[in-house]
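One structure is given below, encoded as structure tokens.
Letters A, B, C and D name the chains as they come in the text, with residue numbers starting at 1 for each one.
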């Protein structure tokens, strides 16, 4: 039987690979490394992969733009699971390079941002050489090229050994507790069952350009007692000031309160896309406010039906 | 076949009788005059009458306390129809009495209030002798008693002829356009069908004692785009500061948006009583906000069902 | 030196007199009994009295209409103090009358309502003979008239002794813990100083006829963290569905959060009348939400002034 | 006299330079090109420049992360002016290169994103070689290097002539009406006077982690009738799910309604930073809702003062 195929931001040694290993062992799946997040997602859409594992949110950078934008439009995909990976970086170089020699540092822009304070303190004059992934510079060093366009690189700790590098400084990320949240992306049709501690991800456009529209949208959740754990705006891209909202709501689409809130959005907003309901990595159950448990909705529906049929109240 | 029996605040000549005549001709119904609103409502509960016609709101006094309180608790009844009656008063007396002789004026307290400014201007020293109905003093005058405890009375214009009185002054109500709203009360089970211009009456207790609870209750309506045409507080009666709200919402309980709003109240409030959906006397259709027509709810439900079953969005 | 003059709903033996005695001893004030609430309030406006003591809210009936309406318009007056009086009733009659003889019961309409359940259980066939005050029937009995239009009366307990009546049944009020809230009314210009547990009474008309207007009005309070302890609607009286709101807010007009909320109402509502800030009878201090203490407002003002002057933030 | 010094993302030919030219002619200022946005802002903080001109928002990408984050913390700076620059790109190469030869395209990541659809259609197999600025690859081509790591580059149209390149395709941006919004950054203390069509930029942290906190924050604006033209979330960076909001409000901090709304935020939110009030580039005046003009606030303040002093209402 064919193993499931997982596209991810490779190559070996990336944080994404660490996330993928949490999801499925390389013995039980075909790992398909890709050059960027967009390609990983495209691989699922094109059928070259069954699933993709991509970063969606980091402590330092917030939502991962490429992931959010790829999912917000185009052929529909859904999130099936989330995993959290601690984020650390090592400043590494080819053997023989000393930290005093470092003038140019290769780093993925997200890595650069996450080590900004350390760099300012220890390498204030270093120039940033953008890399397309966290491990690309490691691979370049490993290739033995003598004309590298940089002197050292910020890489994930496992890449030091994988690529045979020399660590110049470890734990250089500014936030010692930083994590990145990765998601497993697949095709609609396989909503994982509710676990009691779930998250639902949505994309919502507001009906118009007013502050009042955002308030009204939030009230659709509040009226059903649904809390949000993340809300981020992304430009729709057609003119300044038009925003799409990427939202994580507490609960599962099969929860009554979540279903009703989403119907409310669907009725009043020009665009609502369901991006999946899946277990929370932190396994924290939602706060269920007075009158918003499933049983309350079921009972209210039975009550309304009876009243409409003439029952006394 | 037995004629339907209507209890109402009698005797002949009251505003309530005028309302009842709008509802059904005396040829087609049995008119059962009662001494007060509470008795008229009790007659329906006890089975002595099929329907009651009672005042529920007046321009001058707002909600009619006895009606609102009788309906808010006790055996359930519902409103089936509303009719509006213009309110005017005549100052009348026994033949031979002149306005200069008038020291004591009999009047139902609501009538007294509605003629306050006229009385202050024309009979500033007159003493109020409370009457139990607008026509009770007319009947007393007609009885020919020589020891009446009053000199003149405020009565509905038709009572002058009915009881053979002398009009001392006509159109003495302070507000020339005053109307009183009457309702036909019956048993649950006969919700009139939607007409497109309906009203739904509810009694709602708030979940707790906070200002925030009233805001949250109003948001249950706002989140579904349901306007309110009347909201009045009535003490629950067990301690100061605990209120029950009497509400008229635009729309019919069979309207999707009204049904969902009422379910929201039912889930979150300790007490919700449905007092009926019925055609508006003024035939004004409700404002239907974006995404809150019945078709929007039906479509949203189908959409949610499909998404829950794995459809792409 | 002239004693202060207090108008109140007399005569001796009324609940209002009991309230007045809590406010000032008859040795230190001139008691001016009046025939009704409106007259008591008018006495202050005309200068015949310095103060009035009137009921404003009862457990059973909610807001006292005559008081609320008299204060809402006309020459401005303010509330200076509130006192609570427990409400009980005794069924009393002339000596020699037995409870089995009672067919007609004289009672002020509010008293009748408050004893409804007891009357239904013990005197189900009794007819209500409306009285203009709780003690008027006691005085009639005491006058020795042999042609009373009633057999017994519902009176405040002290009236039994004052008027030499016979108690047929005591503690006949349905709610054993009922209280009535009385207020001392005087001229603007003497706002009592804040005590830390104060109440502010307002009359507010909404800018238009929509449910949204009530929501927006409540948000003026919520945005400043001001709780409401009472909100009642009263018809404005010019057409059905137009309401004035009578509001008790927690706090004193000299509190920053209350002042700012009232300014918000004044800016957005067509009519706002301040009816006074005064100590709460129950001495309960308000909940002060995060960032809404006086010091927070003072500090925010200083901060804004500095920022407008170019200070860094 | 020394000319004012402006730091900006150089070198010659960038969109930022085009923005800077709108602000001040090179004859009247010293242009100080920087390698990135963060450096341009740092130059003002360190005193090496008087002002910086940086991109803050683009049609395609929304808020410019580096700008928003640099301003949100650290030594306070403010926005003094905004200018809009249309965004277009040309695919350019060294003389002699044909479009059929292009395999690797150098582009700043934002440029790449803005031409995605064109690239997918015309160069579906092209690999992205990230550049640190829009003109960096142009300069590399101009240097005559024979070992360029790319074959062509996406550059601003003026760079073609400046650097002596060959245009392979013009107008390759996906959105023909795309613009980027640039701001002039300076030191606090020089708030430009209100023009009647102004914008105020703020950074706000919510008091806690709940959806309700965002609603409450938006209500601080709504209660004063202040519209928002942009709201974006940025992670605070200490843990997942903690967000800072970057907000553009309509109006000037000297406007009463804006001042009061900001004081409300300052009282209730743990962190509020004022980033300036400045004229809108589009010169659109704000909608002023009922009761929220400056005169309304001034009048309400006078009214409250009078009422507190005992005036009648």
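Please note the rule applied: a contact is a pair of C-beta atoms (placed from the backbone, for glycine too) under 8 Å apart; a residue touches a chain by one contact, two chains touch by 3 or more.
By chain, UniProt protein names: A, B, C, D = Prephenate dehydratase.
Please read these numbers as outputs of a predicted model, since none were measured by experiment.
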Third chains touching both chain D (Prephenate dehydratase) and chain C (Prephenate dehydratase) | none
Starting at chain A (Prephenate dehydratase), figure out the least number of steps needed to reach chain C (Prephenate dehydratase) through touching chains.
-> 2
Report same or different for the chain B (Prephenate dehydratase) and chain C (Prephenate dehydratase) interface, where same means the shared residue numbers exceed half of all residue numbers found there.
-> same
For chain B (Prephenate dehydratase) and chain C (Prephenate dehydratase), what's the span in angstrom between their mean Cα positions?
-> 25
Using mean C-alpha positions as chain centres, tell me how far chain A (Prephenate dehydratase) is from chain B (Prephenate dehydratase) in Å, no decimals.
-> 58
Whole-Å gap between the CA centroids of chain B (Prephenate dehydratase) and chain D (Prephenate dehydratase) | 59
Would you mind listing the residues of chain B (Prephenate dehydratase) that make contact with two or more other chains?
-> 219, 222
Quick one: which bits of chain D (Prephenate dehydratase) touch chain C (Prephenate dehydratase) in the complex? Just the residue numbers, please.
-> 75-76, 188-191, 207, 219-220, 222-224, 253-254, 259-260, 262-264, 266-269, 272-274, 290-292, 296-297, 299-301, 303-304, 307-308, 310-313
As the complex stands, chain C (Prephenate dehydratase) meets chain B (Prephenate dehydratase) at residues 35-36, 57-62, 65, 69, 84, 109, 127-128, 130-132, 149, 175, 177, 179, 181, 209-212, 214-215, 218-219, 221-222, 226-235, 237-241, 243
